[in-house]
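Next, two complexes with chain A in common: one pairs it with chain B, the other with chain C.
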Partner chain A sequence: MTRKRLLLTVLHRLAVLAYVAFALFPLFWLLKVSVTPTSLLYTEGIRMWPSRASIEHYVFVLTHSSFPTFFLNSTIVSASTAVIVTLVASLAGYAMSRFIFRGKYWIIGLLLLTQMFPLVMLIAPMFKMLSPLGLTNSLSGLIVVYVAFNVPFATFLMQSFFDGIPKDLEEAAMIDGATRFTAFRQIILPLTLPGIAATLGFVFTAAWSELLFALMLISDNRATTFPVGLLSFVSKFSVDFGQMMAAGVLALIPACLFFLLIQRYLVQGLTAGAVKG
Partner chain B sequence: MTLYNSVAPPAGDRRTAMQKIAAALEPWLYSAPVLILIVAIMLVPLALGVSYAFRDIRLLNPFSGGFVGLAHFRELAADSAFRGALVNTLWWTFSSVILQFLFGLILALLLNRPFRGRALAQALCFLPWAVPSFLSGLDWAWMFNPVVGPIPHWLTALGLMAEPSNILADPDVAMWGPIAANVWWGIPFFAITMLAALQAIPKDLYEAAEIDGAGPVERFRSITVPFLAPTMAISILLRTVWIANFADLIIVMTNGGPADRTQIVASYIFTQAFRRLDFGYASAIALVLLVLLLAYSMLIVALRQTMMSRQ
Partner chain C sequence: MASITIQSVSKSFGAVSVLRDIDLSIADGEFVVLVGPSGCGKSTLLRMIAGLEDITGGEIRIDGRRVNEVAPKDRDIAMVFQSYALYPHMSVADNMSYSLRLRKTAKERIAEAVRAAAGKLGLDPLLERRPRALSGGQRQRVAMGRAIVRHPKAFLFDEPLSNLDARLREQMRAEIKRLHKAIGATSVYVTHDQIEAMTLADRIVAMHGGIIQQVGDPLDLYDRPANLFVAGFIGSPAMNFIDGACRGGAVEPHDGSRIPLPAGLKAAEGQAVTVGVRPEHVRIVGAAEPGSHTARVDLVEPTGFGTIVHVRLLGEDLKIYTLDRAAARVGGPLHIMLDGERLHVFDRETTQRLG
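And now, the complex of A and B:
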């Protein structure tokens, strides 16, 4: 290895390291403040690690606040949204991948359109539509809204996964007498499991993060989701940074778990899509 | 099943007609749930929203609801907060997109080289993307807070700040707070798409170019850039529109303040709807934003067409 090559390699590793540090530092800081006892917060403000760590903030948040309820609500909403979206999007994604039919490009155009216009535009009419149906202040209302918002992207994602599976498989099954739907369910879906997992993860994370519609549609504490709960917590008790950050770390856990599960499919799935296009 | 197959040919025209209809309907059956959801929960409210722009709809006023024609738009033309929000939207969108794109591309190039621990490095670098947007907003707001955050102290140590203070409270620089959070959060999106596009470039192209004596810069310019260009163009276009609409970080970090200096059009719409409950006015602003974004997208597509035809 020449000296120039070695130098390049060292520079490359340093650059990667610098970026990893940049990506992780804000999360590290969140964790650091969340374990800093309140008595040390101001005296040891910018130390990299407190001289004494404690879990007092976590205990408080889990036992003396409404966060367990918020956490449960967010889990119900995000998990239901993810399951429903993945179900309907795999049907539509399959249709987009396997059929050539009149109107297909209209459907694709419609799906793209929904990705282009400002969703804030829907906040007011959505409130007016859902409120007579009793779907404001309810988790079901949020689920309905989140399902619709996530379905277009999930359909494209599932389509790209189906495109990666050879057509001959279900054609062989259909020649053997299976209906297309049976072939889809028993042969194609099991092969798409990684894609299904990725879609579930994507949608779960998106629903878990949604803030503006939840703010608008929910005012009852019992139906509050995590983002809204944390934001109202911030404006209400804006002095207790330790507790807020402990709640923040808790909000991070499910999203990160899902992400670590799906991240290796991310580039792979998108590569398949890129090769095609 | 075998019986059915052997009988099929002589059964003739009726069944094939039925089968034809069934075959034509099949893709629609698969797509129906998605279509129903999108029409009922996105297109209907969208149409309603457009109609609200011409009506007086205030949630707390039972007498509102009447048609007011272009009154909201006249009010909008005279609204200096809206004009400020337009300028802020340009700042917010273009600084965020350019920085996200540049760093995303660099990160993708770094991760495209094989090295030990690459899988781990990639997972860690993409992690910010999994952080819920409201939380990355809060996290960065805390990082900028001189009481618990390190950034003001670092800036003071570097001599960029006279004493540790919160940039989110300073009207002249407050916008850089949400932009910083947005860049941190959005780099992985570009890195993932660019990395996918990079990995789709055939490796033998580079080998052939190297044999022909092309240096690394030449190889980057004549192989990597042309291969990445379509992905770059489409992801920048989509991301620009998306970020122009993305109000979460601003709502969480500054709520449009101080003195409306971080208010973008999307957060202004939200403020009008959520705090003032003036749905009519909010919808009028939203309609203007929609028209501007459509105009932008069409401009980009037209530019692309002319560039393609020139080639």
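And now, the complex of A and C:
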């Protein structure tokens, strides 16, 4: 009995370990290639660590490429998108959770509908719409598009968090003398912080790594975001893997920082969301 | 403090009518208890007074002012929820002072009010804690404290004790009564626990199916229930009912025996009635005598102080509450008297009380 339990535990741990290794290995490889001098990249083949590590690619990327601009653009776009979407989704999610209003089920249906298409289908019409408005080749245009595509899911996510907070609380606050909005701001919002953090994180990463629209709507180098920028390391005749990987590692930093900041709320938030579905 | 007047109020959720034509006046300082079975609309009525539900028809006045369109925050009432609804992210003190802070009361006044309320409820050592770190009983006290801290016009309670264990409930019940004596605020209290209703109420409002069945002081409802519903609802163990027809000043159940009617009761000859008798009013006699019934003991339930004896009589399960532990043995015969003066007679068709 106990031996069987022990065996099962060991198997379980091994499985988890294998999974983690599988998930993290590409990240490790990213790091490894980024510190491998170009001269060693092919000669040393698939060694786990180069015989000589260097930061030459990082220096190059930071000083001689447009990467800092891409980086800044991505930060602006992702952060704005995350903040706007979370703001809109909180209010919309609250309304979905608490109010019965005319057309509610139609609105929910439409929101769901937007999630059903592959985005590729929408690129041409999007371009047609944004171009006369002067929103192609601009960060604001990208923000508008990202907000539009992220609001529906974020709304459902926020709604599930609000559903998890008893109605009694805001009713008590309203009887205590608060307006509905004050009750929302002072009682409900603080309790939804995990949900807000989860939504922020989710939208931020989605926007940070979005490639398709960024590629199609932006052609000007000054408004290029980082995923598109990565492609600039691919030239007609060669791919500069070292520089590309160095840029990739740098691009991970803000996402990591962001998650570090919100992780306190996040674990709580994602599980809460998971249970409520 | 204030009076509350409810005038032909009705409520529907969509097509479902939940309350019909409710009329009730609650005097300043009165403690009114709404009782009734689950789903009869007690909470709905309370929430309409609080302003949490729209009023479909009729009018509610607080202190003479029509409040149908007034937001909850402007009605100046306090409510204690069954779930307590404490703000989880605030300390006990902040929970209690929230309403005062919203009203921009001066800091010193708030501190003083919280201290006074905490003192009344024995919450002083807990003021800095979060609700999560409190026991059920302590949370209940905080909910009470949040209500009394600001001296509202009226208190509304929605089954405030139903999440507590029996002993704590008893203790809090007494405490609520004491508080009401001390503060004297108009209170509306919803419960389906009839002991709470009987002990706390100045007046009980018995509701069923969205309609007020009877309003009166607690002993009135016990002594003279207006209809079959109230008769069966008030009192524990519940009243026994025996169907029969009136003949010559007595009720004849279908087996041919006779139960004498209370003096002065007028019933048409042959009228179908239901006779009610409370378990504590069935008299056990030592031996068969004129007018007594003999029945076989089915089940004996000792409750400590008294004993509930179930017998089969006239094909019905009849409960008898007796203080004599030795009165009955399972399977043995029991002689009982149904005294006319302690009987309640109801028209079987209208279910209304006769006489």
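The criterion applied here is as follows: the second predicted complex is superposed on the first by the 250 of 277 C-alpha atoms of A that agree within 3 Å, B and C clash if a C-alpha of one lies under 4 Å from a C-alpha of the other, contacts with A are read in each partner's own complex, and residues count from 1 in each chain.
Quick note on the criterion: a residue touches a chain if its C-beta (ideal position, glycine included) is under 8 Å from a C-beta of that chain, and two chains touch if they have at least 3 such contacts.
A quick note: this is a predicted structure, and the numbers were derived from the prediction, not measured.
Engineer: For A:15, select first, second, both or neither according to whether it touches chain B, chain C, the two together, or no partner.
Structural biologist: First partner only, chain B.
Engineer: Return first, second, both or neither, reflecting whether A:191 touches chain B, chain C, both chains, or no partner chain.
Structural biologist: second
Engineer: By the touch definition at the top of the document, which applies to A:117: first (chain B), second (chain C), both, or neither?
Structural biologist: After superposing on A, A:117 lies in contact with chain B but is clear of chain C.
Engineer: Using the touch definition from the top, say if A:177 reaches chain B (first), chain C (second), both or neither.
Structural biologist: both
Engineer: In the overlaid three-chain picture, which partner chain does A:38 touch, first (chain B) or second (chain C), both, or neither?
Structural biologist: A:38 contacts neither chain B nor chain C.
Engineer: Using the touch definition from the top, say if A:24 reaches chain B (first), chain C (second), both or neither.
Structural biologist: In the superposition, A:24 contacts chain B only.
Engineer: Counting touched residues of chain A, say whether chain B or chain C comes out ahead.
Structural biologist: Of chain B and chain C, the partner in contact with more residues of chain A is B.
Engineer: With the two complexes superposed on chain A, say which partner A:125 touches: chain B (first), chain C (second), both, or neither.
Structural biologist: In the superposition, A:125 touches chain B alone.
Engineer: Would you please give the residues of chain A that touch chain B in one complex and also touch chain C in the other complex?
Structural biologist: Overlap of chain B and chain C footprints on chain A: residues 176-177.
Engineer: Would you mind writing out the residues of chain A in touch with chain B in their complex?
Structural biologist: Going by the criterion above, the answer is residues 12-13, 15-16, 19-20, 22-24, 26-27, 29-30, 33, 41-42, 45-46, 88-89, 91-92, 94-96, 99, 101, 103-104, 107, 110-111, 114-129, 144-145, 147-149, 151-152, 155, 176-177, 180, 205, 208-209, 211-212, 215-216, 227, 230-231, 234, 241, 244-245, 248, 251-252, 255-256, 258-260, 263-264, 266-267, 270-271, 273-275, 277.
Engineer: Quick check: in the complex, which residue numbers of chain A touch chain C?
Structural biologist: By the definition above, chain A touches chain C via 166, 168-169, 171-179, 182, 187, 190-191.
Engineer: If we count contacts the way the header does, which residues on chain B are in touch with chain A in the complex?
Structural biologist: 1-2, 4-5, 24, 26-28, 30-31, 33-35, 37-38, 40-42, 44-46, 48-49, 52, 57, 59, 103, 106-107, 110-111, 113, 115, 119, 121-136, 138-140, 142-143, 145, 147-150, 153, 184, 187-188, 192-193, 195-197, 199-200, 230-231, 238, 241, 244-245, 247-248, 251-252, 266, 269-270, 273-274, 279, 282-283, 286-287, 289-290, 293-294, 297
Engineer: Under the definition above, what is the set of chain C residues touching chain A in their complex?
Structural biologist: Result: residues 50-52, 71-73, 75, 77-79, 81, 83, 85, 87-89, 98-99, 102-103, 146 of chain C touch chain A.
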